[in-house]
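Chain naming follows the written order as A, B, C, D and E, and within any one chain the residues start at number 1.
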């Protein structure tokens, strides 16, 4: 369990369910984590493991219906975000918490100019007039490295390349100097050279503005490069959580271990064959009563099918939800 | 196995050879409440007009001069008209024609509209000419056109198919030829977008010729706008038929179609509103039921919704 | 290497999308999506094509299969020239060459069942009985690792990796010799990427397939390809055997590309020196004068703004187009030597 | 009554649901245009509500007795009232009368009332006020030209540049003719609305009583009736062709009353004497070369007539606005034959007997058969709610005597058109029976009776033009008509008309059904209206006034 | 975009000409007869003369080109002269209606105001009603509001206007006496009172038409909103902290309007041919009334001219719709 301290954001036992015609989908189950000031938390996990849903649940961005946040609390600035009224949430979104969405191609409104879209939160939250908002928008675009920013304000999103659009999204999220930035796979759609440009930018920003960042990605390489802590998710749950070096050096959860092995590299030895995690991700159609990874787990045993493991601390600030002890190679006790 | 990606494998489903996908459609259709209600109403209307006259064996043309303009009674459940004809029998008998014309004309119109829309959308060269033809048809004054059609073809058709079938075909054709344009436009718009889809390219890479690309990949995906056109098309076909018959371009005056009953009742609206309300209700019910069936079908035909 | 048969020979392939303007639809310019590519693919090998988004990789793949009417150039597949053939004449060639598309969601018709999708090529090119087709469909599903019981499902009910398998099964249906894989893994997450890549490799081993593997994921390309071509703005800037390229990239763009790849090991990550490119990719309708890369190149020279560098073989099997290596005695020369040494590694 | 002044009644609203398209009756020929024009343009003499000739712009009607009509019956001389002024203040002269003749008879003018001037040799102005009409032939009835609302006097000054082909181009004149009538057009919108103001130069100083008239057009008969009977928006509504119950119910409100009068308008069924089978060659189909296989037998025709319940038709279709009849000439009353009342009562038994006699035996389904041919008739008419009801009723009546009837209704524009290319015109009559109404202008039925003469039938050689629609042919009839056409004595003429009528009707050449009244509605607040079926309904428009409560 | 528009315009002219020729030939073939509506008392010889005086003696192509010349040159000049008071009206014959024997152009000019007042307003109000209904139905899909909306619009579409029109007249004119049952085409709006009268007299026909139009357009609006409400950019807008109102009415609406605006634009030409039945019931003598009457009496020059104008409008508004599409949706490029 994460220790309580001077955290900006503290999530406890978050549970999100999609009520669909075919039944409930338990997309997020008892997720808890916290975010320290100025920290970058990397979130990794397989597609469909609930990364995006978790983050969107925090500030009520999921479409409801079908989404329902069934339990948990999200402490931010002394308030529980899940209990805030719609109006208070609106005041908070964009101003205190910025969000960069997964798909830059569709996340910008195609019929408004980029400038309009950047200026919108500025005028709403910071009460800026048009001229000042414009000036700030130019600054933001320059900050994210778009050349000739003032001219490009009046362009439409489709006139931007994918990488530039992603940077516009980041500019929007940063517009009001939020305390927390949530970036959902901001670089997946980009090629490496542009991804590198953005990673540089983020490092820069963190230094300058001191904001806390949650960074979702599949790319372990990215996490390794920029994150302070990492949270590995699987099947709607937190599988492992800890400082990045610690987790990469001593992965405690069998899923994390398997994940590390699947990735090929441009450097070093070229493996003759890639490792895969056999099997399929879980269905999430019921509240989990057993370990979601057990069907694909190399170390699964009886208990895994009977009980859903809760998170246990394996070392300082590093915990995992598994009955198997990577140090001993046998079942964990207690 | 409950938490693997695939739902528990249903033993019947597993290894069952691929079945006609219309079964899937039906399975899904069954779960759509509005559509089922629509289907029930539609079937009742069909029964009403097809089986109805066999049960309620009253000649719709039978005059009962002494029983003119009666309200509902045991002998005349819906009352009688200005010549003492039984309204119920007329509605049942007339409904056959109205529903048949509505369906056939709508269908013909859809076929023409879809064909033109697909051709225009798919083949760049045909686009401009076909859309101009659509403009032409939109601009053509309907009535003179129908007059010409009737003059040119009624006798020939009547001789080849017999009077009533000839007139029926003529009317359906006339309505279809003057109502396909909307469909064509909508379909064209969708096809323009669809043909750029990757799965169309994929089909081309397999070597599927244009014709089958259209029938297999494009047409099924424009079904939903077509369905909307169908719904609106039935209503306008029924109303147009009555206008035609009323002008003497359609069925002989002793064929009591719904539209005609409605038109005839128009003058009596104040005295005997029932005479307008009943055919009006039947037309509206038909349209509504088709609309809901269309809704259900659209959902059912979309496998993405089906799974939900 | 040279004794192997060339299955695909592409010479000076150009694919320009016209820009027409004016009342008379005058042809006023071109989007030079692919602008003069030449390469060969040997039987049984995998040619990787990398490059950033929008540089013409997909267009190149589609043009080679003649899904587009190409602007100029020749394409020879299995000894048959198909550059100028009509679509109906190509129909007979289709079974030899197939394609796996970039987006597994978009390339499957959402209204067809898996069986129907995989069976479509069979419907088009064979006159087998229903039962025989079904037999083949099941066989293919087994081959790509799809459970037979999925045959009646629709694409939306599958995960991305499974969808990509359906696409692969469809491509395999007619026993092709040559498959173009257009970013088959870009849309998938890591563990599934690995599944697909393994599947492709396994099929190549079993069936002796030839691949053209388009991707912007350099680590995957390194894993799967035998030779790699790097594209930038419609042109190949460098083409070399895999190990030669990764070990010793010649073109500044390739160098930047490789240096930008993040490494999953935090300790390595911390040490890596990145070449961060500045500026944006120019538009293919209006490429810069001289070398296409001159607007972003960290090693740009005056000549780069004047003359388009020639695409030359700088070492056996290692081609590049860069002024850095054009004059003997420049910085590039010793590298070439080193490269020669590493050739058989 | 004495204190009524010109303009004292204020404003009058008239609604013509069939709107007026022009104010020049010569260029239209429609009754509605004639009616509207009649409040501006006037003839020399017109018929009053009893059908009597009344001097209008003249002091007396010229007759043989007063010497106005020449002894040889070849000319008639009219003398204008002195001091008549056009509405623009200029005097009315005989030159205007002559001009009116020239205007309408110009060969390129397309004047609709050209036939009013048929048989005229010349028209001469004797002096400023006297004008003589010379006929080519002996003309026992010289009261066609310049008599009645269809033959009005127009101002030479205004129309002199509008002769012949230029007639339609004079839009201003055609829309606002200068006239002698009680009103002047102040605004005219074709097919929409006319606004009239009182004519300052009208010859009766206290008239017209209404200062202004709005003559609205458009809408439908129902709305027009409602506007008079129910909302009171309109004071007068013309030609209410509505079901009797509908009108009755509306009238019950008490805001307006129905004005009905009977003229020569009569609804009838024509029976075809020729074979119109489509199997015949096109130039023989529907000609006298092939007599009708069924209807050539007078017994069948009589049976059809007797089977019809005319009283019922009247009740359902027209109520108080119609009268069952068995005559071809139903008006003027003096000319209506008293000899044919036998058909007024439906006689199914007699009809059956007749058909039995004629050899038509009932088949198993009740339809009669002879020589393997079914007694089946195609019965067509124009599209009109009442006519379709009639079709249904007659179909039922005929069904009762074993005659099968197929019905067809045709758009009126096509049915009454004369396009030789269309097979649906009443002229071609490619059916066995057809129903429509017709009438004649004025009080003299001679031209109307002429229509049934042999040789006047439409046929391919005449491009299907001709007025003997049912292709009736009877030498006796032709001779009798020739006699009528020569006969000046009114009493004898009356006898001849009745004889011709009886001959035609008793041949069952066509089946008269209902004499139809002209039906208009007037608000109870308007007085002075006198319904007139022989002339314009607005013949005495100047005398209409508002009844003060 | 400009060149696209110009190119389309250049194509529009031949299109309209071809349409007009086809319509002309068609009308020539039609079985109606301009003398068919005259009383039967008028003898056939006279009828034939009337036909000759209408110019029916000329060969059809001659008549067409005469008409075309008049339509494209003389009539516009006359109408322009009438509007501006300039003395530019050329001499020479104008297109004369066979029925009224007056220039067709003048009649059309007279009829445009009514049509715009009533049919135009009906369309306008239809849109104004339809848009919010469509937006709310989509925003609250499957709520009772949506269900009722679907039901009412289907009824509104399938119940003919003559029924609703007569019911309105009975209730509001006959029983309640609120509104006149007949439209006064001579009424001029000069001051507040006359404006109020104008409002009263258009109230019912506009209501009837608005109901009908709203039924159709609200369906389109709803479908289009539904398509857009689930888009990713909506989530982005929410993430920026914008209020629901801004999100729906600015971000979603603008995108949803793209197809709807084109549907509306394509529907505008039908305003000009009027709503025939409604015009008849309320005695609004507009263009629709002119057209239908002309057809009934086979007044082909009138029909031809109205059709020609209609064809121009159709071609033009199709073009406008396409161009609007391009303007509203910056992604669309025409080249």
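The rule is short, and it goes like this: a residue touches a chain if its C-beta (ideal position, glycine included) is under 8 Å from a C-beta of that chain, and two chains touch if they have at least 3 such contacts.
Remember, it's a predicted structure, so these values are computed and weren't measured experimentally.
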Minimal step count in the chain contact network, subunit A to subunit C = 1
Check every other chain and keep only those touching both subunit A and subunit B; list them.
-> C, E
Which chains, taken as a pair, are joined by the highest number of C-beta contacts?
-> D-E
Computing the C-alpha centre of each chain, which chain sits at the greatest distance from subunit C?
-> D
Rounded to the nearest Å, the gap between Cα centres of subunit D and subunit E is 38
Computed distance of Cα centres, subunit E from subunit B, in Å = 26
Centre distance in Å when subunit C and subunit D are each reduced to the mean of their C-alpha atoms | 88
What is the distance in Å between the mean C-alpha positions of subunit A and subunit D?
-> 90
Among subunit C residues, those touching two or more other chains are 159
Sites on subunit E at which at least two other chains make contact | 29, 31-32, 166, 295
Any chance you could list the residues of subunit B touching two or more other chains?
-> 5-6, 147, 151, 266, 270, 307
Subunit C touches which residues of subunit A in the complex?
-> 46-48, 147, 161-164, 189-197, 199-200, 218-225, 244-245, 248, 258-260, 262-267, 270-271, 273-277, 280-281
Can you name the residues of subunit B that touch subunit C in the complex?
-> 5-6, 9, 13-19, 21, 24, 197-199, 201-209, 212, 216-217, 220-221, 301-304, 306-307
What residues of subunit B sit close enough to touch subunit D in their complex?
-> 61-63, 65, 68-69, 82-83, 85, 147, 151, 155, 159, 163, 246-249, 252-254, 264, 266-268, 270-271
Within the complex, subunit B is touched by subunit C residues 62, 65, 67, 87-88, 90-92, 94-95, 98-99, 101-103, 106-113, 115-116, 120-121, 124-125, 134, 147-152, 154-157, 159, 167, 170
Where on subunit C does subunit A make contact in their complex?
-> 51-54, 159-160, 188-195, 197-198, 201, 216, 218-220, 222-223, 243, 246, 256-270, 274, 276-277, 279-281
